[in-house]
Amino acid sequence: QSSVTMYGVADLSLAKSNGVSAQMSGNGVMNNGNSRLGVRGVEDLGGGLKASFNFEQGINAETGATDANTFQRNAYLALSGGFGKFQLGRALNPSFWGVAAWELTGTANYSAVANQFGFAGGPSRNNSMFMYTTPNMGGFSGTLGYVAKPDNGGNAKVDANLTYANGPLAVALSYFKVKGTDKGLALGAAYDFGMFKLAASLQDAPGASKGFTLGGTVPVGPVALTLDIARENGTGMKNTDVLVEAKYALSKRTFTYAAYYKDGDAGGGVYKTGAKNHLGLGIRHNF
Amino acid sequence: QSSVTMYGVADLSLAKSNGVSAQMSGNGVMNNGNSRLGVRGVEDLGGGLKASFNFEQGINAETGATDANTFQRNAYLALSGGFGKFQLGRALNPSFWGVAAWELTGTANYSAVANQFGFAGGPSRNNSMFMYTTPNMGGFSGTLGYVAKPDNGGNAKVDANLTYANGPLAVALSYFKVKGTDKGLALGAAYDFGMFKLAASLQDAPGASKGFTLGGTVPVGPVALTLDIARENGTGMKNTDVLVEAKYALSKRTFTYAAYYKDGDAGGGVYKTGAKNHLGLGIRHNF
Amino acid sequence: QSSVTMYGVADLSLAKSNGVSAQMSGNGVMNNGNSRLGVRGVEDLGGGLKASFNFEQGINAETGATDANTFQRNAYLALSGGFGKFQLGRALNPSFWGVAAWELTGTANYSAVANQFGFAGGPSRNNSMFMYTTPNMGGFSGTLGYVAKPDNGGNAKVDANLTYANGPLAVALSYFKVKGTDKGLALGAAYDFGMFKLAASLQDAPGASKGFTLGGTVPVGPVALTLDIARENGTGMKNTDVLVEAKYALSKRTFTYAAYYKDGDAGGGVYKTGAKNHLGLGIRHNF
């Protein structure tokens, strides 16, 4: 028993940032997400054991360009079963999944959390990662990633999360550490009250950067309104990023979006978008 | 309701040009078309509205090489409905579709029209294009494309066609203009008399290049014979390109072809193939 | 009647070589094979004639990187029928298929034969190849490949095999010659005794390199143990490569493997792996 599935995203917007005239945007900060094309499959090996794989390439739909490492979005192989899941290759790392568990925009390109703090202060993906995820135990799960020294520029990396997700509540701790450098931490939670959803986090990126995020989403018919604030409080880098987003669902897989992003990073910070104010109006189609 | 389809072309030939010994050709002037691999899909959003996308990469089947911008053949997202079709991204532009409406070879790589005049004197595709196509109104339709200034090297581009296609007759006007430079125009028509098909056009590319094309196709059983002539009359660039093509259908999707191309551009012109005489013998498989 | 199929391989290992600490490996000498993603299809043209194509790209699953020529693993078009098969494009060459007919590991990345002698002393693939394969005649078949002078750096190449494969016995002669240089030859055979399988070959690569290989595979339940030795006897390059491999099948398409490779090439030779001793522990999933 096996299956192979092709899937992807097409996302384009009209974007306007300070100092630049309005233009089309693919894979920019004012896109909901990067366009992509992927292939994944699962084989049932019997006895509860499964083999699976995923190859995913990013595509800038303005030009058709792909990334330097073509399938850098995902290129991995996994075995899963009652013991959990063991995965090898290039993939989204545990600290990303920790943040994604509570973040309000689905880690959109214009996510206030990700643009201010990254994922616990680190990137979303690692090359050459060994990754183990526990089974889900009543909502609790954890993932541990490891990149060997010669595969991470001479310094091994540990990357992990601890997650509780059950019903309306999601809580997750993201952690990573590259040997010889400071650790990154993010602890966040979201609660869905039905009428609205709230999310908040504490952030402690490697180095001086630290702060918090706070936001909420209100669904109004087919529209979902989100306000998210990411405050950086590190020495010499005090600033606030603000996101206002409206999404209008055309179907379960396709939506239009309008977003305003204010980047407070004039004083410096971990992540910067290159301008103070950004506006975007776009459409995303998941296939 | 949705669908994702994989499709493509494999095309290779044996080609001989002046000054070069006979060799294999993929994606050259003596191929019918470039090899490619694409994915497209449509989602029915209800109420007559549809979302669609297309990602298409070119492949040189001599080496397996792809283009610098991998999916440069097509990378777009569209919404269509009773209002027409609105499209965003990298795609074949309106002036291309205007020429394709009447050109005899299906805009083959060895098209006399395209090798002498391009598409109204311009390229076949644009990056970052906003494109709107009207509904078909009794055979009439039009497409308007726009590339914003920062997305087109500092000068906005307008690219359009007006097309009438009904029964045996197709007429189309192709137009484009990059701000600050001369416009390009092509007006062509084709009529299918059943026993044979004729096509002719007037061309006025940006700059001095102008001229006309004239050709015909005669089907003889599974063979289709085409003769096409493209005459450039611009000052200091008078020359004539000639194509003779024979196609033999192995199925609806696969055919072999033999073609002779004479490039008259010794005196200079918009498009050149690099040699005076070209011969090609190839096979194309659409999948 | 036609069909298009997507297929591929995901293969990753943990590898350790002299002078380098243990690390993840994708597409290295201690992988069973390179990860890949391909598309192939066949169209029935009627009368026993078929058109087929194959585009295949390699993927390094450590990083998602693809090759410089993206679909360099395969990019071809073929016509086949009672007359045999005629193929055009980039593909595995006849001398590769000759070796693959008897080699014990399925031409694994850690194949002793391939790492010591290549494929009759040459590469596994050619660009721009015209290739003809005879029909199978009672187990006998032959393939002839040709790359024209301008497509092979100024010197035409002939590449061929003669193969007999019937029941437990496989014998094949691989041959190639680039004009103006020495020929490459490999004559090998394998016999499957049921309880075990033996394979041996004589090698005469272009230049001074020559030698022999000898090995066997013993299946023990779901495990297959292989020992393969490749001895190079050329003047000034006497050395022996040794492979010990254990494969454990998780299914027909997925297996884990452990391998030890000893590269004897300190004294120089055609192919080198960069270190004396290599250990690998990996998993391969065919989809």
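Read from first to last, the chains carry the letters A, B and C; within each, the first residue is number 1.
Following the convention adopted for this analysis, contacts are C-beta pairs under 8 Å (C-beta built on N, C-alpha and C of every residue); 3 or more make two chains touch, one makes a residue touch a chain.
Just so it is clear, the structure is predicted and the values come from calculations on it, not from any experiment.
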Same-site or different-site touching of chain B by its copy chain C, using the half cut: different
Superposition rotation for chain A onto chain B, Cα-based, multiple of 5°: 120
CA centroid of chain B to CA centroid of chain C, Å: 40
Set of chain C residues in contact with two or more other chains: 6, 70
Contacting residues of chain C [partner chain A, same complex]: 6-8, 10-12, 14, 20-24, 26, 35, 37, 59-66, 70, 250-251, 253-254, 283, 285, 287
Chain C to chain B touching residues, read off their complex: 2, 4, 6, 39, 41, 43, 45-46, 49, 51, 53, 55-57, 67-77, 79, 88-90, 127-130, 147-151
